[in-house]
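The next part holds the structures, each set out as structure tokens.
Look for subunit A in each of the two complexes below; its partner is subunit B in the first and subunit C in the second.
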Partner chain A sequence: MWLFALPALLINVCIILVPAVLTFTAAFFIWDGVGTPVWAGLTNFQNMVADPVFWSALTNNFIWTAIFLTVPVCLALVMAAALLMAPKARIVVQSIIFLPRIIAVAVTGRIFQGMIFSPATGIVAWLNEHGFSISDPLADPDRSLYAVAAVDIWHWWGFLAVVFLAAMRQISVDQIEAARLDGAGFFALFRYVLLPGISPTLTLMLILTVIWSFQVFEFIFIVTRGGPAYGSEVLATFAYRHAFFEGDVGHAAAAACVMSLFGLCATAVYLRLQITDDAQST
Partner chain B sequence: MIGDRWSRTFALGLIGVASFSSLLPIALAIMNALKTTTEIGSNPLALPTQMHWENFSSAWRNARLGPSLLHSAEVASLTILMVCVTATPCAYVLARQKGKLWRFITFYFMATITVPVQLYLYPLYFIFAKLGLVNSIPAVALIYTAMFSPFAIFLLRTYALAIPVALEEAAQVDGARPWQAFWYVILPMMRPGLLTVAIIVGLNAWNEFVIAVTFLQNDSNVTAIVRFYNLTGQYSTDWGEMLAAAVTIVLPIVAIFVLLQRQFIDGMTSGAVKS
Partner chain C sequence: MTMTRRQLVAAIPTAALAANLPRGARAEDGRKVVTFWFGQANSDGQAALRNDLVEAFNASQDKYLLQMEVKGAAVNNLLKVALVAGNGPDIVQTAGPAYLTAIANAGQVLPLDDFAEKYKWKDRFLAPLLNTSVYGGKLYALPRDYESMHLFYNKELFKQNGWKLPSNRQEMEQIADAAIAKGIIPFGAGNADWKGVNEWLMTVFFNNVAGPDNVRKALSGELPWTAPPFVEAVELSKAWYNKGYFGKNYFSLTIEQSFLQVVNGKAAMALSGTWSFGTKSYGMSKPDTVMDVAPTPSLGSAVSGPLVHLACGATLSIAKTSQNAEGAAAVFEFMLTRKFYEAMNRDWPGKWALPVKDLPPEMLSGIGYPLFEKTIANLHEAFSKGQYGFTTWTFWPGATNSYLIEGIEQVWLNKITPDAYLTRLQTLFSQEAKEGKVPPLPPRTA
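Up next is the complex of A and B:
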């Protein structure tokens, strides 16, 4: 029987587990990726801690986590409740808000750069012509992270709303009707019936948000490359830059380890949840 | 019907605003893909006065989209094939076997779902470089197989769990070997799950960026996404042509999405919705 599992397991171990262990090892070596690695002890970590860009990248990861634990979650919760009340619009609207999720990140990033944020061809340009003075947020180190987050929120929140809607639809209609007969308005219904009803799904999505927020790479790399002036740098772009543009794989590996460490706590909670859940279903 | 009139009006208003903001960037991209760069510069929000379809033909030519779309299709189909072939038997055996070792393997696959690419990207790249596997489409498909198969395994496992064990026992009584029971009894019943897996895995492979941009560096093997990304670095002043390229790359995905919405939505939300 174990032959059935072997191919998938073998591929996964070779592509993910072995290199992951090597990354952990590489963090203790000075290595350019090509030559012979030289033992360096904790040098990579010491250099990293001394680098202010590392700290601003880490801070940005925390800001990103805070943004994604709140903004898209609130939008999605309210939207899911709204769709629950509008059964006729549900199917079409669900597909519309899901659509951004299936468009490639590279394409989404470029569309927002050109059509929204660009001071020459975007909505920002249009607003400037119509009496609002807004500069390109992507060119401003203080605002670039938030601008990229806005793009990712556009891409993400609708998917989240569809997940929450699916969970809300599992709540029994009787329960909702009973609350309504008791005179519960929208907010009471939301607070006392819908929210508790989807709390397992909500918890899971919040944990995944924490895990993903420490891994965030694509949108930032595509839209700003971590710039300008490292304003939107996160650990993943920091590591990528060190590995491939500065030829310092050891340093990149150290950053990747730190990144994984933060995700690890959330992963532990995630695995606990999944496994108790799994024990019930099998 | 849930909610009073006031909250229903609020809900409909919200739905309107949400749909509009989800569609606005897409609409802007399509509209401006049909305009000249000067027209885009003068007013990005105006509808095209004249359809400049030549943006599409010049994007196709200048960006050499044709071959890169073909590479994307190659990577996606190879990944779908490898994921289905390896994940299906694995999902089946994880659904049937109990015991410590099997629980550990299940746990391992769950853990790899949350592992960041960054944790294995760098050694993997330099190992592949040594082995001469950089710039190889099958090598990229192999990496995707490792990345996407845990998802496939858990989705297919729920299908396998729903199949009564009695069916295989009956087959075994009739003298079928395990692989025969799998092939003739289990596999046909997992077909709807395989369709969902194929769609989601295909979508992910088509859209994937980090691995593709790192491992494919020659014009002769880049995927459409990487081609688009590299191109827009160079020509980002010609937004009309760039947006035409964007629309061309996204169009096949959106077309499949419109046809198979159920599979997309169920597949991508699977595992997220807890009861």
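Up next is the complex of A and C:
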């Protein structure tokens, strides 16, 4: 069996474990990315926690996680349940809502930046010309994070809906029919049959959402680069800026360790739930 | 000899590695290959690079074959990783001395002193620019161009409104207030596609308010960034932002959109750099252009007259691991030919204005671009005489410069005070100065 797993194991060791260990090690050195690393002990971590931008970035990661644990999940659950009830519309609607997922992140980011939010060329400009006074949310440090989140939700929720629909279709038709015969309406069916029926999938997606939310980078980097005034800075953009613009790889690695810590916590919760589930089923 | 399946599988990575080994590679015709990575270039720029540099160099001799790849905005990051891995290009182009410092300190590029001796580069380049690449008495790069911030303005709009070219802060603010009263944006500015626009503006505020001498003292560690002249500079930048001098959409507009506001008469002026000459959509090379350009006026009592700012937008070095350093040096020497200088500045103005004494700006008089010609002539003269301020992207060390760009947004958007901003700037600068990361300053006189 070990021989069978060897190729995958080797690939994982080379492209995941080795870089992870190197990143963890780099967090204890001062290194500009090209010169010789110098041992620094906990200095990078001390500098990091003394930096107010780190805390605002971490807070933004929590806000992002809260948004993605609720808004797209609710949208996707309702859409999946509706599609389950309306099989004729399923193929067309699924294709439409899945489409944003297959558009490149850079393209999606530019579309929202230039064609929607821009006060020069976007829908915001058109609305301003027609008497509505609306400013670009990407230019406001208090709203930029939410504006980028809206872009990512547009890109993400359709995929979630398709995943949830696939899970709902595994629920026994007899169970759904029985609930209906007992007089269950849409919300009762959703609450007492569909949600419990997809709870393993839902749990997995929620755990993955937490992990991904602490790694979020692309949309924020493309649309706002963490600004303005660090308004949409998250840990990943914080780490990127330190590594590649400030030549401070150790500081960036320390931030990456914090990102990984939250991912590890989420993974631990998931494993714990799985073990509990396995124990209950045996 | 037959090969087993296992041997074949084992040979694949070896073959793949071998196929990717560019070091000391030879082209089919036996010429030694010289590799060169370029950063961002628009379509005009890419055509100019292809025709005026690569093809022209390859046609000019039969020993070396120049191969160029345009890598885009991430080139600086790619370059660092490649150099550490010993797999970078022969010619190492950085985005200026601030980027070169770490690479040169790490010994990733060769000292060019032997080549400089052979080709007399030290006699030919303008000293203030060549000296920005001297570390520990050794020359590590050649400056590819010189740049400066300038005041671009719509001369037709100025004429219509009876405005004269401002020569001090008071006149500048009078025009800005008058423009706002007429619904015209005083300065077309936007950083949606490039946050570095913040440092373009801060270069003007630091130098034109606090004065180049104070900036030089601060860069030398003789004056802290928290000193009153710099507080005044940051406070003025905040006041101008809050008064709407940069328009309502600074964070939403791209560089091109904001500059076109000036060209289209929606904005009166722009504080931008000489690289703006290279964007054809601005129409500044046309005889009937509405645009004009001048050095930036004094904005404080420490500055007596219009000011240009010393900037080197790119440096050219040779990788330590290069197997073809001679070939790379031959490319540099080709860049110093009159033919290349004229062709490149005609096809892509502002990108390759080599600061070389024997390539005088008068040589550009035939390219049909009067605004560019006069600006380069002024710069050449100012830099030759040692009359200039200092650009942040050339003389500020990396982390300090990054905070200068990011933190000023917090000041403008009332998240922190100018004092808090400068205190943090000083902390970072002190740390980087201690670590030897501050780029070298040229002597005050040429």
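The rule is short, and it goes like this: the second predicted complex is superposed on the first by the 256 of 282 C-alpha atoms of A that agree within 3 Å, B and C clash if a C-alpha of one lies under 4 Å from a C-alpha of the other, contacts with A are read in each partner's own complex, and residues count from 1 in each chain.
In this section, a residue touches a chain if its C-beta (ideal position, glycine included) is under 8 Å from a C-beta of that chain, and two chains touch if they have at least 3 such contacts.
For clarity, every value in this text was computed on a predicted model and none was experimentally measured.
Superposition model on subunit A: subunit B and subunit C are shown in a clashing arrangement. Once chain A of one complex is fitted onto chain A of the other, the partner contacts of A:73 are absent, as it touches neither subunit B nor subunit C. With both structures placed on the common chain, the touch criterion links A:225 to subunit C but leaves subunit B unconnected. By the document's definition of touching, neither partner reaches A:258: not subunit B, not subunit C. Contact with neither subunit B nor subunit C is seen for A:153 once the two complexes are overlaid on the shared chain. In the superposed three-chain model, the partner touching more residues of subunit A is B, compared with the other of subunit B and subunit C. Residue contacts after overlaying the shared chain place A:234 against neither subunit B nor subunit C. Shared-chain residue A:248: touches subunit C; no touch with subunit B. By the touch criterion defined above, A:145 lies against neither subunit B nor subunit C after alignment on the C-alpha atoms of chain A. When both complexes are overlaid on chain A, the residue A:33 reaches subunit B and subunit C alike. In the superposition on chain A, contact of A:278 is made with subunit B only, not with subunit C. Among the candidate segments 130-138, 148-156 or 256-264, the part of subunit B whose C-alpha atoms clash with subunit C in the superposed model is 130-138. The residues of subunit A shared by its contacts with subunit B and with subunit C are 33-34, 113, 120-121, 244. Those residues of subunit C lying in contact with subunit A across their complex are 76-77, 80-81, 83-84, 102-103, 105-106, 108, 192, 195, 248-253, 257, 398-399, 402-403, 406, 409-410, 412-413, 415, 437.
If you check the complex, the residues on subunit A that touch subunit B are 1-2, 4-5, 7-9, 11-12, 14-20, 22-23, 26, 33-34, 75, 78-79, 81-86, 89, 93-108, 110-116, 120-123, 125-126, 154, 158-159, 161-163, 166-167, 170, 176, 180, 185-186, 189, 200-201, 204-205, 208, 211, 214-215, 217-218, 221-222, 235-236, 239-240, 243-244, 249, 252-253, 255-257, 259-260, 263, 266-267, 270-271, 274-275, 277-278, 281-282. By the touch criterion given at the top, residues 32-36, 113, 117-121, 135-136, 138-139, 141, 225-230, 241, 244-248 of subunit A touch subunit C in their complex. Residues of subunit B touching subunit A in their complex: 1-4, 6-8, 10-12, 14-15, 18-19, 21-23, 25-26, 28-29, 32, 37, 40-41, 43-45, 82, 85-87, 89-90, 92-98, 105-112, 114-127, 129, 142-143, 145-147, 149-150, 153, 158, 161, 178, 182, 203, 206-207, 209-210, 214, 225-226, 228-229, 232, 236, 239, 242-243, 246, 249-250, 253-254, 257-258, 261, 264-265, 268-269, 272-275.
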